[in-house]
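When the chains are written out, they are named A, B, C and D in that same order, and each has its own residue count from 1.
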Amino acid sequence: MNFAFSEEQDEFRELLRRFVEERWPVAETRRLAETDAGFDRAVWKQMADELGLQGLAVSEAHGGQGFGMLELGIALEELGRQLAGGPFLASAVLSNFALSNGATPEEHAEFLPGIAAGTSISAWADAPGLAVDNGRASGRVAWCIDAHNADLLLLTTRGGLIALDPGADGVSIVAAKATDLTRKYAHIELAGAPVRKLGVGLDPDAAAVKTRHQAVIAVAAEQVGAAAHCFDQAVAYVKERLQFGRPVGGFQAVKHRAADAYAVVELARSAAYWSWWVAANDGAELGEAAHVVKSIASEAARTAAYENIHLHGGYGFTWEHDAHLYYRRAAANEVFQGDPVAHRAALAVELGVLVAG
Amino acid sequence: MNFAFSEEQDEFRELLRRFVEERWPVAETRRLAETDAGFDRAVWKQMADELGLQGLAVSEAHGGQGFGMLELGIALEELGRQLAGGPFLASAVLSNFALSNGATPEEHAEFLPGIAAGTSISAWADAPGLAVDNGRASGRVAWCIDAHNADLLLLTTRGGLIALDPGADGVSIVAAKATDLTRKYAHIELAGAPVRKLGVGLDPDAAAVKTRHQAVIAVAAEQVGAAAHCFDQAVAYVKERLQFGRPVGGFQAVKHRAADAYAVVELARSAAYWSWWVAANDGAELGEAAHVVKSIASEAARTAAYENIHLHGGYGFTWEHDAHLYYRRAAANEVFQGDPVAHRAALAVELGVLVAG
Amino acid sequence: MDFEDTPDEAAFRAEVAGFLDRNLPEGGVRYHDMGTMEEKARRQREWQLILHEHGWSVPTWSAEWGGRALTPAKNVIWRQECDRVGVGEGVLNGGLSMLGPTLIAHGSQEQKERLLEPTARGEILWAQLFSEPGSGSDLASLATRAVRDGDDWIVNGQKVWSSFANVADMGFLLVRTDARKPKHQGITYLLIDLHQPGVEVRPLIEMTGGNHFNEVFFSDARVPVANQVGAEGAGWGIARTTLMYERSSIGSFSVLGHFERLRDLIRERGVPVDAVTADELARLYVRARSLDLLNKRVLTKVSQGQVPGAEGSVMKNEISDVMLAAADIGIRLLGEDALAPGHAYEHDFLFAPSMHLGGGTEEIMKNLVAEQVLGLPREPDAFKGKPFDEVPRS
Amino acid sequence: MDFEDTPDEAAFRAEVAGFLDRNLPEGGVRYHDMGTMEEKARRQREWQLILHEHGWSVPTWSAEWGGRALTPAKNVIWRQECDRVGVGEGVLNGGLSMLGPTLIAHGSQEQKERLLEPTARGEILWAQLFSEPGSGSDLASLATRAVRDGDDWIVNGQKVWSSFANVADMGFLLVRTDARKPKHQGITYLLIDLHQPGVEVRPLIEMTGGNHFNEVFFSDARVPVANQVGAEGAGWGIARTTLMYERSSIGSFSVLGHFERLRDLIRERGVPVDAVTADELARLYVRARSLDLLNKRVLTKVSQGQVPGAEGSVMKNEISDVMLAAADIGIRLLGEDALAPGHAYEHDFLFAPSMHLGGGTEEIMKNLVAEQVLGLPREPDAFKGKPFDEVPRS
């Protein structure tokens, strides 16, 4: 038993943390929130050229680095600390999962190299409500992360994975403002849009389930990074801020709030690292890991974001302070691919203490 | 709007508090826990002769004082502070409710005078599982408060209220030890026992529902008294107990625990007093009041009992300290006539936010 | 015990309701419906004049100063009826419920005669100027200083969390006039004209994206000594009066409304609620209902002439928790639609974290309950009695 | 990262398992199955001799004193395998996991030679004698005093919360030998023979109705100076070593077992669980699973030679919360049957409140995390550096 990252993994984390703090700190995320795209193409290119980040979990055969969920988890956790990355989640993570699970080797060879190089951006959504018939799709996907930035749209429908050209007739993609200011969302309307069915011959349900579980585990990695950042910021502040002649962090009520937040952040981190290991090893516990980590990481992200506001006093409630950006993101991540209550219900069924229904 | 007791009611409370503290303090409850009966006939008689307590809520026509739920609430709250009263709940409260709602005026005249005078003890239970046929009942009532002390057994069956002679053939009543040491319980087994059907001509369902709601409100009154006692005891202790050269009640974490407990006790008290008023006025909100008060009073009783143990440190965890008696009673009251989760589900249905089922 | 109106109360309620129904202007005066802060101020002033003409502008003030000296019970009815038609004190709150009562208690005869009537008429709009960036929970550590120059005080420093200062005419201001005294003893209470050079009001944008509070900067701003309330150095005691009135003006709230809005949302959406969420809704209702009842108990006490005590601190914390829980359930009910800006719970969700900050943090409130209601010891203070300027500040 | 055994670990696990399976006596040595405290002591001593013969009596001690100097990782495997067959240190815990390591670190050569081997063999059974009625969270304020009389210390005072003192032969005891020094400096660490006049052990009945702890009274009890560990007045530092070993011996626990017992109960009863309770069960599982994983992270750190730090305090609080929640769900599942004494959750329900008391209260644990892990300031102490006898006590 060894619950530690390798030296290489630790070095990768360090490297990445420096990169994100320099090129895409939360101040930059805040600036980009005002733009439609939500990312800077120059930095996106640096991510690809200097770090090969977009190809981190793409096989070497397709121009990637061939790493797995452990490295991807580290990347998402570090990006999560600064709410950075733009379409990294949509393209290099979610679309990569959808294709890896739901497309054929030929299709991998067609799509993954562009994603890995960062030259093509892809977006993915779960779209069980779409009507797909005769190579045409109609219907609505209310919220799709970064769809308006995408060169390729991937949708998981009831019949399997489909690919769309965002520029095709019958496809309307509208960038949507969201309560979460730090991630970009779009509404998609399809009216008889031409689609291409992927992964013919594969089991579409197995692919969809696996993609969903992996997606949850990926977002939880981000939640843990964001939670840790909020927690660190709050603790640093209460050490400095004086009231009644002493640091507010010396008052027992504040100390205990910090200790409670520390506990939930460390619990979530532990569950997250394990979930990456399960995903990296294609373990049978993938579903359980997704349910567990979604529940605890959501709690950690929301708790730490709230405590960061609270422990900063009135200052934490201002627009100017970054605390609210994390609080907003926490809410958005919480409802992504099933809220914690839904995941706990699924977990209870899996554990045999609740009858499915 | 006037959320205050009358001067007479305040005086009654004072009188009763003195009586209970002198004649039936928790030390006496502890001594009686070792006995089968769980009460002292001499004190029982004093309750009747000096205070007319058993007849508090029985009409004057039947030898009672003719008061209502407000006075009964005060009595139960004060008895609850010392976990005192023995069969008062079973006889003067629950059986009185069952008869008042489910029996005819002639039957009132037959049974209530004995109960009011304290010369006859009655016990009541909800027994929807009993088979009653041709004047004979069979089946099991797993837990009935003070049944082994009773001269008269009242059972709410699916067909209405029935009365049994505990000494009749086919009736077996066995005193049962319980985790709650301070109240006496018994198991009842009926094998073709002769029963008398009461309240012929009345609506048995309406009577049963009303009796259950009133029963919950009565027990909640006791819960509030017990909670208040635990809370008072804990606060008194942390003022005295020194560690690190100062009262532990001066440490912020302890202060905030006390403030939190105070809040829930006062919320429960507020809900309880209102529920008595609703019951006293036969208000349409009886069901809602029962659900609300069961939820908040259970929380208050359990929280205060736990905090009393915790704030006494190791000493609170000893057998010798009374704290555990309250903690045990809190658990027992919590499951009486539906636990808080069940009451909240019923409330959610009543409020129109949950579909019954 | 009786939860219904007495005949006298019922008559009063009818009188108030009748007055409001007859006089409320077309379109009402709902705070949230009135557009910009300037527009709110304009329309509230118009309405206040109507109230004033009919003797309802300051119903809790004494008759001597134009009020009706309402009993607490009747004040509750007054506020309930106002709530019913969506009328609140809004931008006038500082003058009507904080400064006015403070002046009546501590002002000079000249100050009362000069200021109370224009305040009651809504002519002078007031802002509270107490908090500072470095003085939050430890309000008495405030550092904005005033130095005497002839018949004027000259003020320098910064205030923050000042509601409505961007539309206010005057402010009630705490300044430090002696930094060599212990912190509570060197504070003076001034009334400052905000329309003067040397006063700059900067609206503060909150995390909701809205603006409710302001920062106020003073550079050699002037206050005539005639606008000093009470003695030099006696400001802290007077501020406590203001704070007491501020807290009791929060007393009237509709905590059950938080449940009702959720129920409306469920009905609107027509999506069945799962059992776990239903349990949380029921929990919320139980808490809110009990809190509403606790509030009624406290009001009864006040009506009977008892001092309310720190129960108000319990209520502030509890209502904050109810609001946090309601916002949480609200966004859960919305599911993915909670991403849409301006959704039914966006404002509440973003506003909720301020509930345990404004008007005293959760921690300060619990300290108050523990110390003032339960009699537990105060935190030891290593700087007790030390001069203000010898206590470390951030 | 790898959650499976390395080949070396797997081989070790197989070795341990083989040893246990071959040598475990008929009927096992499960603590809860062994009847009275005396019976437990007798059977555990027999088993300890078997362990000793095969070199497994003190596997974490150094080879010099009969141990195997197991790495933390292997110690975890050792304990997991022992757990599997229901073997624990039980009444031997004080000697094997507290006093032994403390003596190895701080004892004289003579003390080690005289005491370690009989301790390892289970011949000397030890009790901890630290806490006092007046010294709980503030352990260093202990008042049991010892006065020098020739080559003996004469001890007077009272200890409490002493596990197994009613069957123990000796105790490791903290006494005050100088009340004029600040509290941490006047404490001496002694080893006392409990079988002597002047020592009275009174079993304490806990709220569960069971007996685990004892009160121990000293009236002119004697301890030869040869049984003083470390220097006079140096006892506090040595006690900290003992406490560190005590805490780390709590490290191995099966927190997921709390969920599994509930699942078994549900299966046994065959009553379907409602959605609200299922959510709570899932919450419990999530917490327990995450806690189990956090424990593994800490063990990995320890295995890599890092100092564990106060993460253990987090774990103690979290496992307490898990147990409280499990007991609560347990009695809920039982419904009315939770009234029956001896039901599946009676013991847990009654025992749970002690979890946040024993081994450091919840508050002390959170202080430790805040101060030692997060670097937040300590509580100001008005009595710092003051002589012990000038500090108020209750």
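Everything below uses one rule, namely that a contact is a pair of C-beta atoms (placed from the backbone, for glycine too) under 8 Å apart; a residue touches a chain by one contact, two chains touch by 3 or more.
In this text the structure is predicted, and so the values were computed from the model without any measurement.
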Checklist entry - So which one's got more C-beta contacts, A-D or A-C? => result A-D
Checklist outcome for this item: Maximum distance between Cα centroids and chain A occurs for chain B
Checklist entry - How far is the middle of chain A from the middle of chain D, if each middle is the mean of its Cα atoms, in Å? => result 42
Checklist outcome for this item: Between the Cα centroids of chain B and chain D the separation in whole angstrom comes to 41
Checklist entry - So how far apart, in whole Å, are chain C and chain D when each is placed at the average of its C-alpha atoms? => result 53
Item to check | Residue list for chain C, restricted to those that touch at least two other chains | outcome: 274-276, 279, 363, 366, 379-380, 382
Checklist entry - Can you list the residues of chain B that touch 2 or more other chains? => result 246, 251-254, 256, 341, 345
Checklist entry - Can you name the residues of chain D that touch chain C in the complex? => result 274-276, 279, 380, 382
Next on the checklist: Which stretch or stretches of chain B touch chain D in the complex?
Outcome noted: 142-143, 176-180, 185, 240-246, 248, 251, 253-254, 306, 309-310, 313-321, 323-324, 327-328, 331-332, 335, 339, 341, 345
Item to check | Touching residues on chain C, where the partner in the complex is chain A | outcome: 131, 133-138, 141, 160-161, 204-207, 209, 213, 274, 276-277, 331-332, 335-341, 343, 346, 349-350, 353-354, 356-358, 361-363, 366, 379, 381-383, 386, 391-394
Next on the checklist: Under the stated contact criterion, what part of chain C meets chain B in this complex?
Outcome noted: 1-6, 9, 73, 76, 259, 262-263, 266-267, 272-273, 275, 278-279, 281-283, 285-287, 289-291, 293-294, 296-297, 299-301, 303-304, 311, 314, 317-318, 363, 365-367, 369-371, 373-380
Next on the checklist: Please output the residues of chain B touching chain A within their complex, sorted ascending.
Outcome noted: 251-253, 256
